[in-house]
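Two complexes, one shared chain (chain A), two partners (chain B, chain C).
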Partner chain A sequence: MRPILMKGHERPLTFLRYNRDGDLLFSCAKDHSPNVWFADNGDRLGTYRGHNGAVWSCDVSRDSTRLITGSADQTAKLWDVQTGRELFTFRFDAPARSVEFAIGDGLAVITTDNFMDNVPTAQVKRIAEDLDDQSEESLLVITGIKGRINRAVWGPLNRTIITAGEDATIRIWDTETGKCLKESDKEQGHQKTITSLSKSADWSHFLTGSLDKSAKLWDIRTLTLIKTYVTERPVNAVDISPLLDHVVIGGGQDAMNVTMTDRRAGKFEAKFFHKILQEEIGGVKGHFGPINALAFNPDGRSFSSGGEDGYVRLHHFDSDYFNIKI
Partner chain B sequence: MAAATKMRWGELDENDDDGDLSFLLPPLVVTGPDENGIKKTVEYRFDEETGKTVKVTTTTRVREVARTRVTKRAIERRGWAKFGDAAHIDAGARLTMVSTEEIVLERPSAPGSKTEDPLVPKLDRGAALMLCRICGVKGNHWTSKCPNKDLAPQLDALVDRPPTPDTGNGGSRQGKYVPPKPKESDMRRRNDENSVRVSNLSEDTHEDDLRELFGSFGPLTRAYVSLDHRTGESRGFGFVSFVYREHAEKAIAKLNGYGYDNLILHVEWAAPRPN
Partner chain C sequence: MALEISMEGIEARARELGVDLSTVDLDSITLPAGEDFGIPSDDEDFLRDDDPMELEMGFANIVVVDNLPVVPPEKFEKLENVIRKIYSQIGAIKEGGLWMPVNPETKKTYGYCFVEYNTPQEAELAREKTNGYKLDKSHIFAVNMFDDFDKYMKVPDEWMPAEIKPYTPGENLQKWLADEKARDQFVIRAGTFTEVYWNDARQKMPELVFQKQYWTDSFIQWSPLGTYLATVHRQGSQVWGGDDKFERLMRFAHPQVKLIDFSPGEKYLVTYSSHEPSNPRDTHRVVLNIFDVRTGKVMRDFKGSADEFSASGNISVSGVSWPIFRWGGGKDDKYFARLGKNVISVYETETFSLLDKKSLKVENVVDFCWSPTDPIIALFVPELGGGNQPARVSLVQIPGKEELRQKNLFSVSDCKMYWQNSGEYLAVQVDRYTKTKKSTYTGFELFRIKERDIPIEVLELDNKNDKIIAFAWEPKGHRFAVIHGDGPKPDISFYSMRTANNISRVSKLTTLKSKQANALYWSPGGRFIVFAGLKGFNGQLEFYNVDELETMATGEHFMATDIMWDPTGRYLASAVTSVHEMENGFQIWSFSGKQLYKVSKDHFYQFLWRPRPPSLLTPEKEEEISKNLRKYSKKYEQEDQDAFNQLSEQERKRRKQLQEDWEGWVAKWKQLHEEERPYRMELRDGEASDDEEEYDTKEVEVEEVVDVHEEEVPFELDQE
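On to the complex of A and B.
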């Protein structure tokens, strides 16, 4: 395959997200403007200007009309996808890291970092259909986690919120009461910071990637460990194929050590594993730095990766990918 | 005016160079793309310097990058006006490029390595430099450690080929210019001593399949299936090189006439027999 290289960011990529139809790709980077691209040919549709710091993550509503972004400028912003107009700003006392719309797009969970004296939180905000009704008020604030929360996502039916972060523990919270329901096992679970979390297409299980050089597959309701995929480098990004029983894992050594190693030694490839057999299927090379973001197109026929090198690489799979035998 | 009143070439003023004469040229012909995605464009133009008509035939291959089912809303989004920085970017910015490098999904272990023979030394450091002058294999072993070391000169005698021109003692052709191409192919043929040619392969047969099929006879150095460079489909034949000649012999004896994938294989020596 010949990947499409998209150089719309000046600084390392942080997050990639496809819309539900799979025709738009949203990219966030440490520069201040998230970009939106056409996912088939890589043409840039637009940029969302208004943030004043690194943008850590984003999410797009199911009907692809609204975008929410979380940024290090201590705000999360709502955008009009079509025009790039800023609709609303949620202000916090600390950098906003992870954002996600709930099912129905009526709620969003936003996490804030531990910054100065603040404790890390995951906050649920109501997203009003009419902008005039939009408020900054939090419906629920989840606290009690030590260390930064790198990712917070909604569980099935919006009943739970799953958090994962620096303390290497995955927790499931009740969205009604804000109480912690389950915590991942210390022995079985990750040993180092969890950097990424990605749900399967049917929301029955999810995959976490960690700096302990492994990715783990968990049941979303019972939080039981299903599979472990071991690589030889810290994992920064993971995603689950919606089409085949494949998972993709990306990473590379710390950005601070990159200049000291060769490109090959750095292992900056996106590794494909068989989801069930846990066997490595192959690797896709190309980035000149660690991979920070990975996303499968919802149709499973293409995927994109974002690297520390500031490039988004959009790969459309060759036909032989679909009949790989293990 | 000139174009309107169809001029005859004889009436043209020879000195009048700067007139646009392109109407005299045959029109542009575009054929295809056919089922293989080959598109042919034939155009004619005047060469500035010589004043002659030049026919330019361009053959391009149209490749489908992706096929997607697009929803109505996605089509609608296609027509959206660009905004933000994308709205006023000049075309030369080239934010989006198609990689010039072909990227493949690299399998963790090369197919066929499972059947690797312990007789074949494993690749080690400096493998790229290792070139055996006897069997011509790169990265496998040095000339002095070649398993065919004793075999090679005997084979030359056995085969009794006409003396190659590059050795210099070929009497008949001495001093004559030998174009580099036959010279090269002669060299290659020498390396093909242990190779067999397999024909009547089915289209689905890949190099891995050949490795699997022939690997049972002995260690291989090469398995190759000839592909049509335009369609990428198998042309129905391939070559397999063995490390040892006796294995190749055995393979020919066993596999010639063997039914593989509903086709009867034809296996013979790769090098044309002198007769």
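On to the complex of A and C.
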């Protein structure tokens, strides 16, 4: 499994996203321009220029026509995937971090950071089919969370929104009323900042990664803790294989704690765990800094990782991978 | 005790007072601040009764000076000045800390005064130094600690027979040795927890024996035979042991104790503290106590300035070479000795006084060490007078103090002594200057202690200029290993004190070239050795069989900082302790280099195998067992197999269970997914496809002009 190195960013990667067909890979980084790549051979197709700050996350619509990005320049932008044209800008008074389209792509949830005097929020915007109808108005604003929200995603049938972040708590919110329905258990749940959250292909369960050096698998409807995967380093990125019962977990020591020259020192490995047995299967090394982003191709036959080192590494699995016995 | 108040008593009292108990919410009662109504708190704060830290807040730093002249008011000031002068020499007197009471009727002093210092240590020193001080013929100071007055007042005037306590059988302190599965214990300290585990190699994980938070204030230590676990606190040291519950067996009060050391036979415990002087120009004051471990009695204490106790600084632990007292004479704890200026002071433990009432005089001695088994001291005196007087190593027999053997050495720059653990051999590593004095080279002087006249043999390495990185004797054996060489990949050589046809001749067994190693760890049983590349070498481990001269396995515990064999030589632990934040934890290996299991712990400070006392079997019996090992091991092999089968059976069951649980979840999700399908379709504007590949593939050909470029291409006919 020789990885394809994709060098298109000058700053650390922040987020990776495949489109539904699995032929395009979108990458966000702390430089201001998200890129789109061919997911098969790693050729760069284009760049979305227009942001004026680090881009924290993105999402692509089901038909791969539109891209939404959230940035530290206090905006979220809609783009035309094919032409790279900027379609619309949502302005906020704090950096926008997590973005996601809802089922049907008619809605998007965008989170804003606690910045200056602003409390962190998760806001629901209507995404109009016709650009002329597009407005900046929020349908719903979720507040009441202390500490940054690192990820907010839609639950089944757009009825709920799930948030996770600095306060180490996962919450499920009602999208009709904006009320908090469920909170993760303090004992069972994460002990430190949740850095990442990734849903299974059918949106039935999701995986969270935390600086407490663990990743946890939860039922999306009941918020029941199903599995815990323990690693040796802070977790920055997680994803669930859509094909096999595997999960991938990446991270590494904070750059400030890494004084060693040896790249093994920080454990910048993407670790694979068996989803059900919670046992480690193997690891993929290569990055020279912590892994900040991970994504499985929707076909489950390749995955990519984005690191603090500014590289995206695209890995196609060998046939051995599909025959792993544990 | 609060618990002894019976409910009936309370009810009776309540009736007496006319209180209806059922209307009283007992939990709402709070006691006034500072009042406990004689009800002791449940939170047992150990060592409270003799907690000198608490006394420091009280009167421990006050001395009472008696037998002063009784003076009228005119002379009051003069006397006060005299006293102030005497007592401020010892330490700074607190502001307003000198108080001489005056009789209000006669206006004369009472003939005593109080002096208050900043620390109890200074007060103690003042008492020591000025008690019996002659101011003049009729006034001889009687100085006492203020706190002692209480104690003396309590002494009853009439003699009372001592109360004889009934005998209570103690716990079996050796219980861990009787483990059915013959496992070994180890203790770890991580975060605020101290935990004792069985090393259960069969189950491939440790089994918790006992765990306690905040068990120690600084570190933990096993006694040399494994009977006690010592913890160190501000107020002193404590030892724990017994059955699996690790009850406190004894405590040893020693305020601000820093270092502790057991005697090899674990009869005595030496504690050390050093106190900052109130006058920064003074040196630190050092206090050493030697306790009897079983009775808790102070057998002898030593006090003095730090200078007196650091005559030489070879192994420096926070400014002192520890242990200050080195125990000699094997497991009987008969002697202990300390290095002084031009002397070695040898004490014996019968009376805890100097042997023959005087120290062993050795001009300029810088280092000494005891034979591990016999009362023999090896000492080293460096070169003197610019090389006119040679350096020397000599062996001195105790208690006779006669020199058994001496060897003069020339142009020596440094010298290290290594005893073989059964006291048969002594290796002296000598660094000598070359002729130009610009560099040094190393050789060994090997002493055969058990042979007649103690023959000495000189051994030089093949390459004399190699630096010696590590040296280690084979425990109970006749071989030793040396890491030598310059540069990042040194060589490792093995030597034997015997050759095939002459048992008193040293010979080289082999040299292994270019090894990534900087430390040697012999198995306690000998025969096997691990070369480790710690710290700079990232934790490379090589397991080597010295009988066969072959490598059994290599391994790596990335960034390992410590390597420890278990006392039986069956397992090896490698650990990354909290010298840095990363990778903290430990791994257990088999003696042959198979990694058995691994545990990660944040803030991992200590890993210590519990030592075992020496075997009680005679050498003949041991010989017999090793001859018939097959017979004995059969039983254990069967147990191993059973455990293994059981483990795999359990594992199979566990996996099956997990798989079934998971399938339960999946089935539920599938059902919900189906139920939600119509709603989902609605959300997608009636688009039928849910997640299946139902969309049509359209082939669209798009031609895009990327760039138009015009270029003149010169056409040359004669290019061919």
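We take it that the second predicted complex is superposed on the first by the 323 of 326 C-alpha atoms of A that agree within 3 Å, B and C clash if a C-alpha of one lies under 4 Å from a C-alpha of the other, contacts with A are read in each partner's own complex, and residues count from 1 in each chain.
The criterion applied here is as follows: contacts are C-beta pairs under 8 Å (C-beta built on N, C-alpha and C of every residue); 3 or more make two chains touch, one makes a residue touch a chain.
These figures come from a predicted structure and were not determined experimentally.
Using the contact criterion defined above for the overlaid structures, shared-chain residue A:3 touches chain B, although it does not reach chain C. By the touch criterion defined above, A:147 reaches neither chain B nor chain C.
When both complexes are overlaid on chain A, the residue A:44 reaches chain B alone and has no touch with chain C.
Of the two partners, chain B and chain C, it is B that touches more residues of chain A. When the two structures are aligned on the shared chain, A:205 is found in touch with chain C, with no touch to chain B. In the superposition on chain A, contact of A:281 is made with chain B only, not with chain C. Within the complex, the chain C residues that touch chain A are 538, 558-559, 580-583, 585, 600, 655, 658-659, 662, 665, 669, 672-673, 676, 679-680, 683-685, 691. Within the complex, the chain A residues that touch chain C are 62, 102-104, 106, 156-158, 201-202, 204-205, 219, 221, 226, 232-233, 245, 253, 257, 259-260, 262, 264-267, 275-277.
For chain B in complex with chain A, the residues that touch the partner chain are 65-66, 68-71, 73-74, 77-78, 80, 82-87, 89, 95-108. Of all residues in chain A, those touching chain B in their complex are 1-8, 21-24, 33, 35, 37-38, 40-49, 63-64, 82-84, 269, 272, 280-286, 299, 301-302, 313, 315-316, 318, 321, 324.
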